Amino acid sequence: MTTALSRVDVAPVASAKRRRRAPGWLAVLPLLVFTAVAFGLPAVAILDGAFTAKDATTGATSYTGANMTASLQGPYLTALLGSVKLSAISAALGALIGLPLAQAVVSSRSRWLREAVLTASGVLANFGGVPLAFAFVATLGNAGVLTVHLGLKDSGWDLYSFWGLVLVYLYFLIPLMVLTITPALDGLRSQWREAALNNGATGVQYWRHVALPVLAPSLLGGLVLLFGSAFAAYATAAAMVGSAVPLVTLQIADALSGNVLVGQENVALALSLDMVLVAGLVMAVYLPLQRRSARWLDA
Amino acid sequence: MARRLTLWRWIVLGLAALYFLVPLGASVIFTVDVPGQGVTFDAYTKILSTDGFLTSLLLSLELAVATIAVVLLLMVPAMVALRLGAPRLRPVVEVVCSLPLVVPPIAFVAGIATVLKWGPEYLSRTPLFETFVVIQDDSFPVVLVLAYVVMALPFVYRALDAGLRAIDVRTLVEAARSCGASWPQALVRAVLPNLRGALLNAAFLTLALVLGEFTVASLLGFRPFAVWIYDVGGSQAQMSVAVSVLSLLVTWALLLALAGAGGRNRTASSRG
Amino acid sequence: MTHMTATLPETLEKAATVEFRGLRREFGTTVALDGLDLTVRPGEFLALLGPSGCGKTTALRMLAGFEHPDSGAVLVDGEDVTHVPAHRRDAGMVFQSYSLFPHLNAVDNVAFGLRMRKVRTAQRRARAAELLELVGLGDKGERYPHQLSGGQQQRIALARALALRPRVLLLDEPLSALDAKVRLTLREEIRRLQQELGITTLFVTHDQEEALSVADRVAVMRAGRLEQCAEPAELYGRPATAFVAEFVGTMSRIPGELTDGTVQVLGQRLPADGEVPDGAVDVLVRPEAVRVHPDEQGSARLVATAFLGAVVRATVRLADGTEVKADLPAHEATGLGAGTAVGVSLPERPVLVSERIQK
């Protein structure tokens, strides 16, 4: 009896030490191998392709910076800047509109309203791509319901333009902002408001000196997330404007499918690398902000 | 003051409701009120019989199921292991799972297309070439599953991490082990049931991503659901809008079902 | 409103009187305050004590201007402030926890109110530094809240509450989120500061020991009403009601028979306090008033003992099953084990009686 007990006591400890280490590595390994292949190979292909040129006649490849240079010139540069401008403006508007909307939901104590808006935001933030474009085409396109019934055409309305795209992008950017900023607004403690009032601050002073500074990292983080999201969007623009508005995603697609010029694949890869760099910059701003906001708001 | 606040809130909510509901309402009107034909429901009744609808929808669903299965099989053991035995790998996995956020889908597909070209260029004499052909099979393009798994990693990581944070995996496993469960039993019987919400959440986000994905599929030349909607849009505007509205409603229903099943914390997935 | 004087600590020229008059407040169907009348004397440290939901916090928040009474009035120095908005009340408040602004360091937190009043930067930082010195954190001025312990955060919250030289200091369970040891030292320090500054102070707590140990007077509240307001010794020694008796300190109930102002209990006849009709009553006794001695013939049995240092707290079961707590000097308790037959008696003094509670 006693020996049996002591064996039960001792054995798992020894074996656990031996066995725990092995499954730890083994369980993570497939994930790492998978990403090395499915993500690593394309990533290497982008890097490699962006810096190589293939001689059309001899088939020999050589390393060059020409693709990168080309991707930052002429129509490609216009497209890149167009994408940045579109994303920046849509993200700023999305944040500006999303914040009061989220505050309206958080400050109303109605659980029903809160659940409804958050669920709707969850759906709408995912409602991008082709269906979104078509819904807006049906509403505000040339034959759209509102365009026809309100006679918008005469007043110069054009959905297939820069501002048309902004209007459509806001449809998924505002909900994304609401989802991002709501936890931060929930994290604003009532004690802060009361402590501010107790120290002689008015409601406006509270927002200016306490609430907004505390929210600032989350707001900036949300802004950056919205920017990245708008920057990467392709399907909506492709389904809506074709190439009426110059965007880097559209340029890459054109170059890849050889629509414009044959043999532009490597410039497409260089453009892709440009995008990765911009997106990487965005994440580099986002992550530290996220961390700081978490430290302030989940104390 | 209280009244002014309430008024302000209703104005904001009212304007938001207007912006978000009008396109949906207008879309529905657009599909049923066809110029020259009056009110008709053809756009909806003809969907099923339209060429390519069922095959593309089925393809998307198959891709979604495969992607969910693969991403969960890869991520769940890894994430649990990070909590149990390999905490030092945690930053590695976190970085690996965040990297796809830095590579927009259009850039990712540019890379994939380049890799796929290596097949015929360099590998035509090796057995690997066979693999390249198989994964690009039109009836079930495995390459899309590979791409979607990568694209789903950040969202699945976040969903699982939130779920695991809420439970003490180590204690659960040790409790199960001390009750005589083997390692796999402990995982399946003790840990997974407590992760139900997180798993559902991860599955939903992946499903939404795959069903709506357009960029990768269209540029690689495959034709799942989103690409089909796009193609139909050229010739049958009414029907493409009808399908768009329906796909939104289906996503909505799925999300509500998920909320009912106890899932929380949705974040946006990428839009292709 | 702010007079800048260079030296600290300073006493206020004149401490304020606070009056609650017939305060009533309902939240939906629950009555938070049911006609509260209470006067706080100038310079007094008054503790509002009671179980959760008794309305003590609501009363405090009305004085701060965060809640408004359905009826009744709040007066400071005879002036009705019921309708003065929160940011113009002259009352500094320390909250339960986490009230420091997370994006400001300690100095800026303390100086926040001065910044709202447009006091010049150098001046307000100097004043904040003095206040931090006052609460013993002069060297932590550059720290942010998340870099400070719970006790340090509350000290800074205290300094911030004092920054605008309020006429009244409000403390809303400021110690309840801290661990036991910090709680002890901080409450002594709050008391010391309060006495140095001579500021009228209201201190809300549900911890009776805390209230008794620091306050000049303790107001015990129950269900939105004042039960008793008295100095700690009186509250403990002569509780006005059974509720106060049992809420403050440990109290045992022993069944007795009341006739003509005297009560028959444990074989003794003692004078009785308390307005109760004759008949079956409970006698309320403190552990230190109960005497226990070994007695082979005794019908009571010792059930358990707990060593508390100087005394041993004994639990005794009487013949009818009633359990009574008694404190014995440690040396008397040696040799008294569980199961020992004992006799129980009370000193010849008036005892508090209340209506019999069936158990």
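Read from first to last, the chains carry the letters A, B and C; within each, the first residue is number 1.
To be clear about the criterion, a residue touches a chain if its C-beta (ideal position, glycine included) is under 8 Å from a C-beta of that chain, and two chains touch if they have at least 3 such contacts.
Remember, predicted model here, so these are calculated numbers, not experimental data.
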> What are the chains that subunit B and subunit C both touch?
Replying inline: A
> Going by the average position of its CA atoms, which chain sits the greatest distance from subunit C?
Replying inline: B
> Closest chain to the protein CA centroid?
Replying inline: A
>> Please tell me whether A-C or A-B has the greater number of C-beta pairs in contact.
In response: A-B
> Can you give the whole-Å distance between the Cα centres of subunit B and subunit C?
Replying inline: 57
> Any idea how many Å lie between the Cα centroids of subunit A and subunit C?
Replying inline: 53
>> Nearest whole angstrom, what separates the Cα centre of subunit A from the Cα centre of subunit B?
In response: 15
>> Give the list of subunit B residues in touch with subunit A in this complex.
In response: 5, 8-9, 12-13, 16, 19-20, 22-24, 26-27, 29-31, 33, 35, 73-75, 77-78, 80-82, 84-86, 89, 92-93, 96, 98-115, 118, 146-147, 149-150, 153, 177-178, 183, 205, 208-209, 212-215, 218-219, 226, 229-230, 233, 237, 240-241, 243-245, 247-248, 251-252, 255-256, 259, 266-272
> Of all residues in subunit A, which touch subunit B in the complex?
Replying inline: 12, 19-21, 23-28, 30-32, 34-35, 37-39, 41-46, 49, 97, 100-101, 104-105, 107-108, 113, 115, 119-120, 122-132, 134-140, 143-146, 170-172, 174-176, 179, 228-229, 231-236, 238-239, 249, 252-253, 256-257, 265, 268-269, 271-273, 275-276, 279-280, 283
> Which part of subunit A faces subunit C closely enough to touch in the complex?
Replying inline: 189, 191-192, 194-202, 205, 209-210, 213-214, 216, 295-297, 299
> In their shared complex, at which residues does subunit C touch subunit A?
Replying inline: 64-66, 85-89, 91-93, 95-103, 112-113, 115-117, 145-146, 157, 160-161, 163-164
